[in-house]
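In the two assemblies presented below, chain A is common to both, partnered first by chain B and then by chain C.
Presenting the complex of A and B:
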């Protein structure tokens, strides 16, 4: 499972175990705020996201503005992170690229949720044996294709666009979403309060919405953040390979692919976008770990 | 156990059928025309039409798929749309390179991550645990190909210790191959080491809390004996499962690592084929990869069955 690389299989650590009496969003936030590192990561992530979203308003040169008078300059007051081989402002490009990264990761995550969660809830909640094994096997099969290979297949069939590549990454992640929501719904379905509301004549759909969603939200939030982190890494890799964002548009991947030719003479062009990727992914995984701690502290819910 | 293996092997062809059909279906709804991509921007409508006919793109989806399946029964994956080389030949050339890269990375990952994870889990909260857990957190946040670029920059271009990029000869020149493999294997394994380390550490912690470990410890078993005989066997079950799953991820990421290091494995082949809209080649790589991953997961499950007979049953 790819998701494991970011620690979805979170373990209640003996040091920072969250108390289990907190329930609901407010309680979850209180438990979250106790994880100092996660709180710092959240602040950094929000700042980075804001800077990238508002970068057109910042006093920076346009990210695609070529200025051949100042190629490959080091940091200065005019260009805080220097310029690339075409004299474009590195900071402006990194911020514009971060915007694309966040959007791409969001697209992959939403795709994974849409493909995996509704089916998982439905099958887990009212599992007929045959449909359950057919659908579960189908998702097992899907999981045997690595995310990047699936993205390569999608791009080959549909054309070189970031949208297609990221939808493929989301589909590659959907088996994990399916399994987590199916397991959670199956657990909830066995609880007596569900039988009670069923015997009171509530329709299944309403039972699902009122009880199941509330209970599966916690594990899904941790998985969502993990997928989001992988989405950022996948966007960089696919755009680096020329299968996602196409130059001259700035993306953390395309910036790294043009910088690779100047690796020896201008290593800063390779180091800076990579550090941005690392910063984003690190913040998200720290947050995901904290969420995993909290949700595993809440028991099976 | 045998029934489980039989059922899983029977599923493999079904999966391959489904995957190949899905790729064909995607191609048929695609807004881009592979023939136009192959001929480039200078193509005339007439030449595009002729190439479409030659590639069979003018036929219905089911017809195309039927033709492709017919070839498959004769052991052929078709010919590349770009250059006309049989896909089987291309994959046979690339697979040894990818196998050398991915298997070295897998072995390296297991050798580093498992002992570190067990040791850190045994002494959770200790100095080694805190240091290695912090390193693992950072290592998981770095894209593999960026690590590869940094390794080339530092070890190859600045310090001249190891060769950066270069093709593998596979068996023709073993010492040179081994040198060329060091950096890509390091780059490819770093995140995998980190995730396997974390999982092994976590399961070591949970096994260490079990009663039988506490009993053994209070009974006076020395720590190393305890670690290797009682704890490792039980804590390793999730790690072996993850290693099986990591093989798939390694093959996927190899598609990014191979181009960075100029290696012509199946990953590089697939990436170039995707750029060229060379559907038969991409399909061949997808099918080969999916088969390898399914077999690897099956092997991992069998291994788990022998490590902990109870856990393996499902």
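Presenting the complex of A and C:
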């Protein structure tokens, strides 16, 4: 089910909609703030990220500290979310796992952007039909490989490390980035402000950097946030399958997979990391939605 | 050709041929165009869509998309310097600094993602050494110069916050930012409504005389020509068919196509006098061997007009016409 959803990505249209009074970064923030739900999601996400990043500083037991005296306890003042089968503090583990999930999603997203965007801009802005078809068909081939299969292949070839797995996921995401930036750059390349800018004596490189990136940024920002949510799901799925984070290190996916055995006796151990995954993905999706909404209403082409 | 010696000319286009390059060999779109722009003159280039007037102005700027359209013959000289053989690097400093260009559609020729001020500043940064605040000051002056009220507010406006007329004014401000000696306005008023058109034309004329610019205005609107141009070149099917002063052209046309265009103008008080030209202009690639207007011309004479292409002949009074019969025909101008 998770693997299925990787292929389907909401691609924001690079076509201009109705002009709003909120152009530019400041205006974009103002329109964003008008989306209440997105604002709440952003606050929750930032809090979760801060808590997970700062968790070593919080008064919590170490996430890997085994205490066989207190296995499988419910929530208490000593362990706010209870303990797992080895007596490790569940809250500390969830925060540590969130940190890894966010990092992994970031790695996948950045890889996708780096592989897809520059090529897409270049090919979209200026290229002959032959180069365009060759590169575009190559990305089509890449897109036909499901992200998880590619990740499994990478891990099999390079070793069981989350880094390799997430780079593979990022590469599997890159065709979407390539397509969106290629389409947007091709649209922008035909605009007469490109010609006008050249008629003022600007260099091609400068024209690409300001005008193409300036106009392509909007759809890409929305796509990037959507991809980030998929990255979190991908990390959870891979770790659940034992291909990502290796025990004893905590990850939302490994926590789910070990807790699954104890679903009948201690359901909270499954519910807690599951809720965390849901919370992260939900927040990011709501934010992505709002960004897509704003940017498609902005004069972006 | 045009009057005077070479040094009196700001821009001289000679035998310019622009062709579509493709698998089946070059298809000429503009054939042997000659234009002479005297210093501080406003030259109108008139023609219908597809007659090659925009291609000619893009060719002068060397902005043709060379993957599909190329100059295959001819020369363009700016104060005697051949532009077509300049290295691209030097050409870039000609664009915007020595020749400014205004485009047809101000809705699309400004980038919607950047403020008016940013776009003017980027031209100034490209060609001048002005510092940040000096450049901004200059941009404010330019906005005031092109007649934008409240420049301090407008400088931070995005294009969609400006009206069509104001956008075209911003575009003009960009084109004249470095005080070019030559201004090329490619259908500057086509996308604007009638009252704004008149204001923009007046602005261009005012700036041209104020900044001592020599100006080429391409248009399909003879009204524009009558209003601002000193001289006119009429283009038909990729060729210049007549070149004359505005007065001569309107009162005493020497080419049947010009005459037909003038007959097509609406006139107040004269009912039923508007006459269209039957048929369509020939398509590029299938031009007739003789005069390109012959199939639609009421004065066509076989074989004079259809066997060979008439050259652009001197027609006296420093004007030229490409008509085999221009000597014998007496054509009707608007004065008649």
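One rule holds in what follows: the second predicted complex is superposed on the first by the 276 of 301 C-alpha atoms of A that agree within 3 Å, B and C clash if a C-alpha of one lies under 4 Å from a C-alpha of the other, contacts with A are read in each partner's own complex, and residues count from 1 in each chain.
Here is the rule we go by: contacts are C-beta pairs under 8 Å (C-beta built on N, C-alpha and C of every residue); 3 or more make two chains touch, one makes a residue touch a chain.
All figures in this text were calculated on a predicted structure; none of them were measured in a lab.
Asker: Check the residue A:243 against both partner chains and state whether it touches chain B (first), chain C (second), both, or neither.
Answerer: In the superposed model, A:243 contacts chain B only, not chain C.
Asker: According to the stated criteria, A:256 is in contact with first (chain B), second (chain C), both, or neither; which is it?
Answerer: Once the two structures are laid over each other on A, A:256 reaches chain B alone.
Asker: Answer with first, second, both or neither: which of chain B and chain C does A:264 touch in the superposed model?
Answerer: first
Asker: Name the chain, either chain B or chain C, that contacts more residues of chain A.
Answerer: Comparing touch counts on chain A for chain B and chain C gives B.
Asker: Give one of first, second, both or neither to describe whether A:211 is in contact with chain B, with chain C, with both, or with none.
Answerer: second
Asker: Looking at the overlay, what does A:160 touch: chain B (first), chain C (second), both, or neither?
Answerer: Once the two structures are laid over each other on A, A:160 reaches chain B alone.
Asker: Return first, second, both or neither, reflecting whether A:144 touches chain B, chain C, both chains, or no partner chain.
Answerer: It touches chain B, and chain C stays clear.
Asker: If you stack the two complexes on chain A, which partner ends up touching A:192: first (chain B), second (chain C), both, or neither?
Answerer: second
Asker: Contacts for A:286 in the overlay, against chain B (first) and chain C (second): which applies, first, second, both or neither?
Answerer: A:286: touches chain B, not chain C.
Asker: So which bits of chain A does chain B touch that chain C touches too?
Answerer: Correct list for chain A: none, the interfaces share no residue.
Asker: Along chain B, where are the residues that touch chain A in the complex?
Answerer: Residues 11, 14-15, 18-19, 23, 26-27, 29-32, 124-125, 137-138, 140-146, 149-150, 152-153, 157, 191-192, 194-195, 198-199, 202, 205-206, 238, 242, 245, 248-249, 251-253, 255-256, 259-260, 270-271, 273-275, 277-279, 282-283, 285-286, 289-290, 293-294, 297 of chain B touch chain A in their complex.
Asker: List the residues on chain A that touch chain C in their complex, please.
Answerer: Against chain C, chain A makes touches at 16, 19, 21, 23-24, 128, 191-193, 195-203, 210-211, 214-215, 217, 299-301.
Asker: Once bound in the complex, which stretches of chain C touch chain A?
Answerer: Touch residues, chain C against chain A: 61, 63, 67, 92-97, 100-101, 103-105, 108-115, 122-123, 126-127, 158-161, 171, 174-175, 177.
Asker: Within their complex, state which residues of chain A touch chain B.
Answerer: 1-2, 4-7, 9, 11, 13-15, 137-138, 140-141, 144-150, 152-160, 229, 233, 236-237, 240-243, 256, 260, 263-264, 267, 270-271, 274, 277-279, 281-282, 285-286, 289
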